[in-house]
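What follows is a set of structures to go through.
What follows is a pair of complexes built around subunit A, which joins subunit B in one and subunit C in the other.
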Partner chain A sequence: MRTALSWRGDVLVAALAFVALAVPAFALGVSSVHDFAVRFAIFGLLAMSLNLLIGTTGLVSFGHAAFFGSGAYAFGLLMQSGGWSVPAAILAAMAFTAVLALAIGTLCVRLSEIYFAFLTLAFQMLIHSLVISWVSLTGGDQGLMGGVPKPPFLGIDLGDARHLAMFSAFCLLVSVVALRQIVRSPFGAALRMLRDNPERAAFVGLSIFRYRLAAFVIAGTFAGLAGVLMSLYVSGAFPTFLYWTTSGEAIFMIMLGGITVFLGPLVGTAIFLVLNDRITNITEHHGLVMGSILLVLVLGLRKGLLDFVVDAWRERQEKRT
Partner chain B sequence: MDLGELSSCLGSASCLVTQVSAGLTIGLLLFLVASGLTLIFGVLGLVNFAHGTLYMLGSYFALTAYGATGSFLAAMAAGAFGVAIVGLLMERFLLSRIYGSDVLMQLLVCYAIILIVDDLVKIIWGGDFLKMDLPDAFRQPPVIIAGGIIPYYYLILFGITATIAVALAYGMGRTRFGRTVRAAAVNPGMVGALGINTAAIFAAVFGIGSLLAGLAGALSAPIRSVVPGAGVSILIESFIVTVIGGMGSISGALIAALLIGFTRSFGSIGFPLFTEGMMFLMMALVLLLKPSGLAGKSQA
Partner chain C sequence: MSQHDRGGIGRRSTLAAGAALGAAAIAGFPMIARGQARQPIKIGMPTILSGRVAQLGVSSRNAVMMEVERFNAAGGLDGRPIEVIVRDSRGVPAEAARIAREMITSDRVDLIFDAEASAGGFAVHEVVRETGTLTLHLNSETSSLTADPRQRFWNAFRVARQGIHDSIAGGAYAAEIVKARNLTRWMTVSPDYAYGRDTTAEFVEYLKAFAPNVQVIGETWPRLFQPDYTENVTRLTQGRPQAIYSCLWAGDLVTFVEQASLYGLFNQSQFFGVNLADYTTLQQIKALPRGMHSGNRYLKTFPAVPGNLAFAEEYNRRYQTFPTNWAWQSATAVSLLVEALRKVGGTDPRQLAAALKGMTIDSPFGADGKVTMRAEDQTLVGYAIGWGTTISADPFVENMTKADWATILRHEQDWKRSKGWA
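Presenting the complex of A and B:
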């Protein structure tokens, strides 16, 4: 009964968040707000899905952008081929990334730590090279040109910036609720056990391989959805989506927010996007400022911002009792 | 893909000579960078993602020193020793704080260093492509062997890098310092208990790795464009070399660096768009079949 209650609670909170955030944004009609909402949804979803691997399962993937980019390309190509409605193409693109994650994950999750990180990186760069060299299908270096058609469905016209902002926020919230249910389920508890003590998990009869693979596929599928939103946002797909820098940025966002708190990656995404926009406005020495902030954060706090806040708060509570 | 051209090149002596010499030069330069990376990983357990940045700094230092003095030797010394000093400062003040922490921490600290140094370089040298001139003594007509063209500077590069490879193998394998370093890699606590300053050993290894990266950057300044962010592609290639050769193995790094050099030189004829993909394919295969690398000892 407890899980059913928390499930309803999550949905309620998500619905309230949607009303509180999306409706004013819709009513305001400021294009920079719409823009930010879409980018926040895209990168928030990417960071949240990656944290299922890094924070919950303890698998540090350097190649998560492989699924982000694949989702974007799959969706863009399906829509350009014509005859697909938007929801059908979204589901197909997510299914495609799930299959891809299953194939890559089967090979990768057997390795541990640094080797896992490098192998995921290798596969990501391999896909990146394939996309660049398969010019007739993907447009190579130039990316998927010619725009992505967005035929309206159910009264939603994703060509309209306001509709796209609402739709992205909706996708993000649904995914976050789903991810939270996954993390809190017995399956999620098993993943944390794999992270903290794989020997013990194997000893009580859990298949490390199957659980890690399942987490890898789920994370990849949600990253694919983030890629679909990206493809809708820029009306195309580009090789940089699959490049290692995109994976690096996602890790950066997670570390900014914190890996131990469920919503940490979302906080990190917001900080990252705001910092990025602000710094680009103020100075051209973007890297200098970003790098210094990162250095202070990593060497000073040694954890993400939310991790730090939560730990400090817990310590105070303990002192009181 | 143009595999027909590749097979016709393999059949012609002139093309073969040109490509083999290019592959050897690329491979040996790469070895200088990758050997430092693998040494630092093997001894310090640190994945130095900022290693490519040291290479880039080597190019800039050499360029400036050559512009000021006009001496090739001074340029090489500035690149090598200047970067060694930068590397030592980096190790003492930043990286030594994160020894033993997880790879995510190492990645982020190095990422921060890359962002900061790239921007500093942009402020000091500007964001344009630069190139170092060659001294007159090196401006000789290319050497022609069996119809294949080898640029004169490639021969000099080959001589220098091959000498260093031999010196490194000797230094690590046969000298007292090399033995101490290898012992510290296996069991730093025991080495420390014997009265050897392991922190100094770690710093020295990082310094040597930086010196090699800086020298490689300086040597490549006349043949590659020098630009902020130039460290990234060499970093990625060095990683591939390190993984293929086995992390921590210098002889493995040599084999893998030459393999990558030949992939680059022959790939540019047969599959120009997929050379990078081919390198990652090799890396993935090695990780899948023998994660410890070609020359690495398998671990449990």
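Presenting the complex of A and C:
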């Protein structure tokens, strides 16, 4: 009963959020909101999926962008080949990243901590090199060129900025609801147990390997969806998508927003994007300004923003009682 | 127990996140809805202002600003000045695409000056293919951008030199030297990425076409931004070629030349560097060896016309440095646009595009005092291409030989046919 209720609660919140995004996009017709919504959905989804590994499972992956980029390339290549509808190509691209995550995960999740982090990084750089050198398929370092066709489906034309914004927001919200259900399910509880006390989990009969692998595949698949949205947004795919800096940015977003609160990564994404956009508009010394702000946040708060807010709020509640 | 299990906190966190999002969104869009009254002509210019290519991006911006200020000072288009919005993509294609899109949708620019390198240029190309914004590519030299019919659409033009033109011109020049000095054994040293491999292959193809007895006896491919070239230099000295070709560029070329000089490589072999003659490179090399063959990127002495020298001096007076290849291309883009604006008398993109197609203007950077925006593939032709040999002090390159455009165009057509593009 409780699960059913929480399900409905989540969907309700998601629907409200969707309306909150849709109203400015459609009623006001403000184009800058469209762009922001798309990019927020892309990076929000990337950060949320990564946090399933970092926050919930306790596995810090440095190679998450491998799945982001693979999703983008897979989708772009399928659409360029012709004969694929957008939804079919999205599902196929997600399936492809899931299989890739399964293969990489099988080798990685046996390790933990720094070894896990470095092995994921290594696989990411391997895929990056593969994309760079397979020029005939991927276009090498110039990226997948020639545009990604977007034939309309079910009345949705993703070539239209408003439709793309709505579609991205929809994908993000559906994924967030799904991720939340996963995190709150018995499976999610098992992941947290693995994070906090793997020996105990093994002792009660949980297969550490299988649970971690499942989390790795789920996270990779959602990152693949984020990559699909990115490919739709820029009408192409570029090797930077699967470079370690993209993984680094996703980790940044999580650190900014907070890892323990479910929606922390989304807050981090919003902060990161707004900072990034404002700063590139006013200065060439992007790294210097961005770094200083992050330094202040990290040294000042010592945790993600949402973690900080929730902890402070809870402390106040406790004092009152 | 973790917080995730407590429904209450989760829901509250949802609300908190919603509030934070709202606040972020509001803070993030201060430039919503600007007045549309009698406005300047807005140009959005994504370029690279930080990182290793920053010097070129800055020179691109400088040249555009210099020419635009001249236009504005002369009264603009019936009193409408040009306003340029320049933003840094840091050379990241996805950022270039985002910035271009944002300029089009939020800043409502009338046209885009894409001042990115190739990868970013293609990203911007895809954005404007969708939005239908009139776009001039200022710096992308990758031939396929305009040569491949699939990449072509009505609103995109290239105002830059093109890889294939340089390869044909370079091959023809090198073949003359080959014949004069009987240099048959060649090696190549070029950066290991698409541009390096494609450009080298094309150069070799035309070198062999003009001088069939040439043999390439070895190649070495340093990584992009490699700090140490000992391995490549050793390979070249051991191969004992009579001539070496390279399309290394900027900082990489500076480092390579300095290290190779130490090994006496340039005493042993003739060196042909297509990207050598650019002030950013020439002035950086501590002891520029004499007699290296170089294509012109930008030289104030080539073409040797007063307009070119005046451009270099004005640029130098303003920015205390000399123009680059990106600078003359950017200045040419402004000249073409200004001509089109005057012809059309407004900023209607379709009319401007029609005016640009096939337009010929007087230019100090033209091979014969003129450059043309070729109608057929919307790319610049007739710009000055030449090769000469280096000397250690200003003007750094002498004995410039002008490339023959009739030869270039003939071979370009054959090349297009071989690709199935013509």
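A few notes on this one:
Note that the second predicted complex is superposed on the first by the 321 of 321 C-alpha atoms of A that agree within 3 Å, B and C clash if a C-alpha of one lies under 4 Å from a C-alpha of the other, contacts with A are read in each partner's own complex, and residues count from 1 in each chain.
FYI, a contact is a pair of C-beta atoms (placed from the backbone, for glycine too) under 8 Å apart; a residue touches a chain by one contact, two chains touch by 3 or more.
Remember, predicted model here, so these are calculated numbers, not experimental data.
Of the two partner chains placed by the overlay, neither subunit B nor subunit C lies in contact with A:197.
Legend: residue contacts after superposition of the two complexes on their common chain; A:123 is shown touching subunit B, with no touch to subunit C. Shared-chain residue A:185: touches no atom of subunit B or subunit C. Subunit A is touched at more residues by one of its partners, and among subunit B and subunit C that partner is C. Using the contact criterion defined above for the overlaid structures, shared-chain residue A:292 touches subunit B, although it does not reach subunit C.
Of the two partner chains, subunit B is the only one that A:54 touches; subunit C does not reach it. Of the two partner chains placed by the overlay, only subunit B lies in contact with A:114; subunit C stays clear of it. When the two structures are aligned on the shared chain, A:251 is found in touch with subunit B, with no touch to subunit C. By the touch criterion defined above, A:132 lies against subunit B and subunit C together after alignment on the C-alpha atoms of chain A. Once the two complexes are overlaid on the shared chain, A:85 sits clear of subunit B and of subunit C alike. Residues 132, 135, 140, 285-287 of subunit A are contacted both by subunit B in one complex and by subunit C in the other.
Residue ranges of subunit B in contact with subunit A, taken from their complex: 1, 47, 94, 97-98, 102-105, 107-109, 111-116, 118-120, 122-123, 236, 239-240, 243, 247, 271, 273-274, 276-278, 280-281, 283-284, 287-288, 291.
Subunit A meets subunit B in the complex at residues 54, 60, 107, 111, 113-115, 117-119, 122-123, 125-126, 128-130, 132-133, 135, 140, 244, 248, 251-252, 255, 285-288, 290-292, 294-295, 298-299, 302.
Those residues of subunit A lying in contact with subunit C across their complex are 2, 6, 9, 13, 17, 20, 24, 30-36, 39, 56, 132, 135, 139-143, 145-148, 159, 161, 180, 183-184, 188-189, 192, 196, 230, 233-236, 238, 240-241, 260-264, 266-267, 270-271, 273-274, 277-278, 280-281, 284-287, 305-306, 309-310, 313-314. Contact residues of subunit C toward subunit A in the complex are 2-5, 7, 9-14, 16-18, 20-22, 24-25, 27-29, 31-33, 49-50, 54, 87-90, 92-95, 97-99, 101-102, 105-106, 118-119, 122-123, 125-127, 129-130, 142, 144, 150-151, 193-194.
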